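Next, two complexes with subunit A in common: one pairs it with subunit B, the other with subunit C.
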Partner chain A sequence: MNKEERLIKRYKAEKRFQFYGKAAIFMALLFLVVFLTKIFSTGYTAFQKTWLVIPVNYNADLLYLDPDKKPTTEDINDADFYEFGIETFITLDPDASEDQIMELKKMFAFTFERELKYYLLDNPDSFGKTVDVKLTASDDLDQVFKGNYPRDIPENRRRASDYQLKIFDKLNEDGRVISEFNASFFTNADSREAELAGIASSFMGSLFSILVCLSIAFPVALLAAVYLEEFAPKNRFTDFIEVNINNLAAVPSIVFGLLGLGVLLAVFGLPRSTPLVGGITLSLMTLPTIIIAARASLKAVPPSIREAALAMGASRMQTTMHHTVPLALPGTLSGTIIGLAQALGETAPLILIGMVAFVNTIPGTPMDPAASLPVQIYIWAESAERGFVEKVSACIMVLLFFLIFMNLGAQLIRHKFEKKWN
Partner chain B sequence: MNSVIFLTIVLLALSSYFFGRKKAILIQSNKRLTALPKFYGYYLAIWCGAPAFLLYALWSIFEPSIVRFFILSDYSSQGLLEGELNLFYEKVKSLSRNQYSGELTAELQRSAEKYLNFRDIAKWSKVVIVLSLLIASTGYAYTKISNNTKTREPVEIFLKGVFFLSSLAAILTTIGIIFSLLFQTIEFFQVIPLFDFVFGMHWYPAKAFVRDASEALDPSMYSDTFGAVPIFAGTFFIALIAMCVAIPIGLLSGIYMAEYASKRLRQYAKPVIEILAGIPTVVYGFFAALTVGPFLKDLGLSLGLEVSAESALAAGGVMGIMIIPFISSLSDDVITSVPQNLRDGSYAMGATKSETIKRVIFPAALPGIVGSILLGVSRAIGETMIVVMASGLAANLTLNPLESTSTITAQIVVILIGDQQFGDPKTQAAFALGLSLFIVTLVLNIVALSVVKKYREKYE
Partner chain C sequence: MNKIEAKNVDVYYGAKQALFDINMDIEANKVTALIGPSGCGKSTFLRCLNRMNDVIDICKVSGVVKINDYDINQKDTDVVRLREKVGMIFQKPNPFPKTIYENISYGPEIHGIAQSKSEMDNIVEESLRKAALWEEVKDRIHEPGTGLSGGQQQRLCIARTISIKPEVILMDEPCSALDPIATAQIEELIDELRKEHTIIIVTHSMSQAARVSQNTGFFHLGKLIEVGSTDKIFKNPTQQQTQDYITGRFG
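Then we have the complex of A and B:
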């Protein structure tokens, strides 16, 4: 091999190596793109909800009410809307057999009684008349309408029967199937029925946990960082604390869950499944992150600031509290937000302390049982019903939105308020 | 009642701040102050609030167990088991709240009355003692500031003490972790021999059904149930698959970012890749279970391979994607900090850029890169949700990436999800697994951090 050929070979190797590098970056970005596209394409339909608009005859006889008198609120509240609903559904197909009536009923969410009642309560004038009422479609039909559910597989492997599809198509032709923004996804608590399940309860659970976490972790971490940076003597014990903090930052999150279970629940007897315990567990986990960020920003404050304050006769404590800490606050805050964003996405420790319970009420205080957004994702991802797949993706979108929002906030604080010392 | 005491303490402390400051201004009219007036206020407020609050907190922590001791001391001579005493005490408590629905006995009634009595005494004595301590300590501090003693130094020493206590939080957390893990693990090893756990080949915790608390433990029931070898093997196997994805991609992109990439590409591509590290793991788990698992299964079918829908490959592969940014950022930092003169020397000898990277920079940066990989491995071993959602929950001892396996973290979740019964070997097994996870990741982290640190010192 002569010199020239060897040079060509070496240059080729150079090109190859560069190509590998580019390919690796491309792969990493490709994963991200595939991943986000998949989540968004399965999730966006969850923000739409399918309603069936059907004619309802608020006939006094069907409701067992007095036809000559306008019913009071109590009368309506006491009336039986189940039988009334069934009678209404029969009008969709007057020839329906017993079994088919049950199928008709299953085309609607089980809240049809409440929806029929509330319509009448809101529109008392419709008593005795036939009006169009919007009812929530069952999640099977919801999925069929959104095109997430194949219609051509054999009937016995399908959740929606041929009969239901026939009625549904007829309604659709009449323009009686409408799709609107799914507000109940944001206002409802969790439910076993996919069409009714919402994220309100898990959102409040996350919010309470994060607030508890913030109110414990931020002050403790800031004070600890101030002690270690400004006051701690250089000795073995201080080194030991430092090593401890660094190691704690790398302990797997599930170990903190075991700590919460073994100490907070078993020894201190705090209430299970509550955002209080979740928040305390998460605060222990975020503590090292915030301490490390706070120490870095305290270190970045130039010594000249401290010396100037000391020279003016301020005590060490005054120098720290009036000058060093305020200057280090932006960096500490942005580190805190990043730590909280991590805590917000954490699942495993919360599962261990029981925040995985099915909660169908919206918690009002941190002492009420609750789930959290990531745990809600886990709970829904484990359920078999088809309707939950889009809900999971939608919940992920909400969670990612908050994470992006928090990280941008951290960036903003850093760029806007942090002083550059040069 | 508790919140009333708490609020009273806070309010009194706040008002004594203003009171102390006012006193200082009064003193100022005929004497020179030893510190700024607000320090007189702080001094009085701290003496008012801190001792009372400390006593209040300690009292609240110890009151329940002291009351319990007094109630149960009547029955200590009857030779009852710990569990029976607990049950009795719960009955007494629920009876005193009028929520008891079981059989009423004279003993129970008497104890419930005694319990209510004790609670009443405890409550009122708490109020009286806490308030009198508050008055005493405030009075002491008031005479001090009236005599115009030093106030700034004591206040600053107090604050420093609070700072110091906060810095102990990290140590307390570590102690808490070790205490909770070790305590349960020791109990576990009293039933299951250590040897069976570390070298046993079968893991079926479901076999160890929940038993009645009063029943005696029969260790033979659990033989061949808690052998952790398949779990350990599964953990390292999935971590290995993850590293097979993460090391090449992470390392190559780190090298490219550090050595080749233009400033613009670095500016945009680096944060975008780091998004991968910020995505919650439960989201990766969902992605692996919903998309990657079925995709691999279909791919396997078309190639004539039998692929489990919950294969180790799906979980490990997705975990690898998650770890890419850890390795790429860290190795990027490490390579950037290799001194420029090493590069210049190599270029001067006529080496191309890739030859310089491969023969000079990579060896020089190797310790740091190894450190970053070890940190990645520790992440992979501790990762929970991806495995719980995408890999199997049955512990198979297999080296086939297309089959399902389970990991330490997944088994902890499987055992502890839902209601746990403390004192049950199954629950304790989860803590034993947790302890082994803690030790493994701790060792990996210590080694990785010391390697990275040593390397940094070398070039600084």
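Then we have the complex of A and C:
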């Protein structure tokens, strides 16, 4: 092979290598696009909610209220809106049989009583009049309207009956079926009914867990890292500790879940299913990540800065607190955020400490039972109803949004505050 | 009068001995240059004088180093107070990544020297003037010290050191990272600082030692070969090794 041929071969090899690199990036992007497309195409409908607008006659007799007196809030609260609701639904099809009435009722979310009541409470003037009221459609009709349910399969395999679809289509023709932004997805806690289920409980659960995790893991990790890096003598014992911190970072998260279950719940008797326990468990998991990040950023501070401070007569503590730690803080913080983002997406340990429980209240403190976003995804993904499919994707979107947001924050801190050494 | 007296100083890095039985007296208000080939222990000796070797875990120092007749190698010596008296300039300029003002005010602040803001302002200005930097930076003392040029950064470090009025200033090859003009400025400054401080400078450049110092010590392989007035060392050394090094036959 002469020199010329060899040169050509070398150029070809380089071109091939670059092609492989580009192909790898293309593959990675393709996976990402497929993943995101799937999530978004399934999930975006969850942000829309279907309402049925039906005429409601707030008739005094139907509500067993005094027609001549304007009802007080108390009167309305005491009134029976269940029977009233049934009576209202019958107006949709006055010839309905007993069974059909039940089917009419099932076209609406079971919260119709509350919705009818709150409408009257908010609009006391409609007492005695017939007005159009917006009621949440059942998740079956919601899915039909969004086109997620096929209508052409046999009736016995369908959740929405022919009768319901007939009434629904009539309402739709009259423009009485509307689709609006699904605010309740963000304000409601979990529910057995897909049309009512929301992420408020799991969101707050995740938030509290992360806060507990941060407030435990960050100070402990920072102190440990500063001591190990700046004060501890370098000997076999500190080497042993270092190896074990690295080991701790590699322990599968479910093991920490078992630890939380066995120690925090069984020995200390902390309340089950709470963000407090979840946060403590997650902090065990995040601790090594933050320690490693903090030690790396402490190491990156040039020794000349420490020498400068020491030579000025600063004590070791002053050198550390005035110079080394502030300079290492940006790196530590971005490491912390990445550790927290990991913790935010963690499911297994939370399932073990009981945060997988069905929680239909929104937690006000870390001591209240709650779910968390990834566990919520798990719970909904297990549910049989069609209405939960889009919820799963929507919940993933919210979780992804938070992870991206946190990682962006970490990047920002790194770029903005990190000092460049010459 | 001798400001510093070192007697029988041995230094070990782990099992390796870096300094062998150093005995050296350093006169007050003079510039003493320490010269010698790389790895000869001159920087190690310098760091014995403000106990900066304490920072290195494996480093063991024995012997007596007296400053103002007080042995600083005692167990109960307060290194913070020692370093307040013995300042140090390093090979590479190492300003804090803070403003010029904060770089200088740091020392007075931690030692509680300034009682008020105006007093601190005076110290900052005075230190910068003494370090011949004031005219160049007076309009931007609240800008980062790391934004200055190399020579300016080194003068900033000198200003930072003299802000707490140390009696002794140790300089570890202060010009090795600087260009000739910046070097000339620092050398001029050293001569000026001699009036108020005792200066010990480690240098690789024999011409620099000849220019700035009154006394010179020659180190070789961890031993102090010869010490005396700069004039004598350069013109009429008693040891053959010194003669060979000065004339450039090795090193």
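Quick note on the criterion: the second predicted complex is superposed on the first by the 397 of 422 C-alpha atoms of A that agree within 3 Å, B and C clash if a C-alpha of one lies under 4 Å from a C-alpha of the other, contacts with A are read in each partner's own complex, and residues count from 1 in each chain.
The rule is simple: a residue touches a chain if its C-beta (ideal position, glycine included) is under 8 Å from a C-beta of that chain, and two chains touch if they have at least 3 such contacts.
Owing to the predicted nature of the structure, the values given are computational and were not obtained by experimental measurement.
Looking at the shared chain after the overlay, A:G262 reaches subunit B, while subunit C stays out of its contact range.
In the superposed pair of complexes, A:S315 makes contact with subunit B and with subunit C alike.
In the superposition on chain A, A:V251 makes contact with subunit B only, while subunit C stays out of contact range.
Touch criterion not met for A:N2: it reaches neither subunit B nor subunit C. In the superposed model, A:N156 makes contact with neither subunit B nor subunit C. Of the two partner chains placed by the overlay, only subunit C lies in contact with A:R306; subunit B stays clear of it.
Of the two partners subunit B and subunit C, more residues of subunit A are touched by B. In the overlay built on the shared chain, the residue A:Y11 is in contact with subunit B alone; subunit C does not reach it. Across the superposed pair, subunit B and subunit C both touch subunit A at residues 315. On the side of subunit C, the complex with subunit A involves touching residues 50, 52, 55, 57, 80-84, 87-88, 90, 92, 94-97, 106-107, 110-111, 146, 157, 160-161, 164. Taken together, the subunit B residues at the contact with subunit A in this complex read 152, 156, 159-160, 162-164, 166-171, 173-174, 176-177, 179-181, 183-184, 248-253, 255-257, 260-261, 269, 272-273, 275-276, 278-283, 285-287, 289-291, 321, 324-325, 328, 352-355, 357-358, 375, 378, 381-385, 388-389, 409, 412-413, 416-418, 420, 422, 430-431, 434, 437-438, 441-442, 445-446, 449.
Chain contact summary for the complex, subunit A toward subunit B: residues 10-11, 13-14, 16-18, 20-25, 27-29, 31-32, 35, 38-39, 42, 219-221, 223-224, 226-228, 231-232, 240-241, 244-248, 250-259, 261-263, 266-267, 284, 287-288, 291, 315-317, 341, 344-348, 351-352, 356, 374-375, 377-378, 381-382, 389, 392-393, 396, 399-400, 403, 407. Listing the residues of subunit A that touch subunit C in their complex gives 233-234, 302, 304-315, 318, 322-323, 327, 419, 422.
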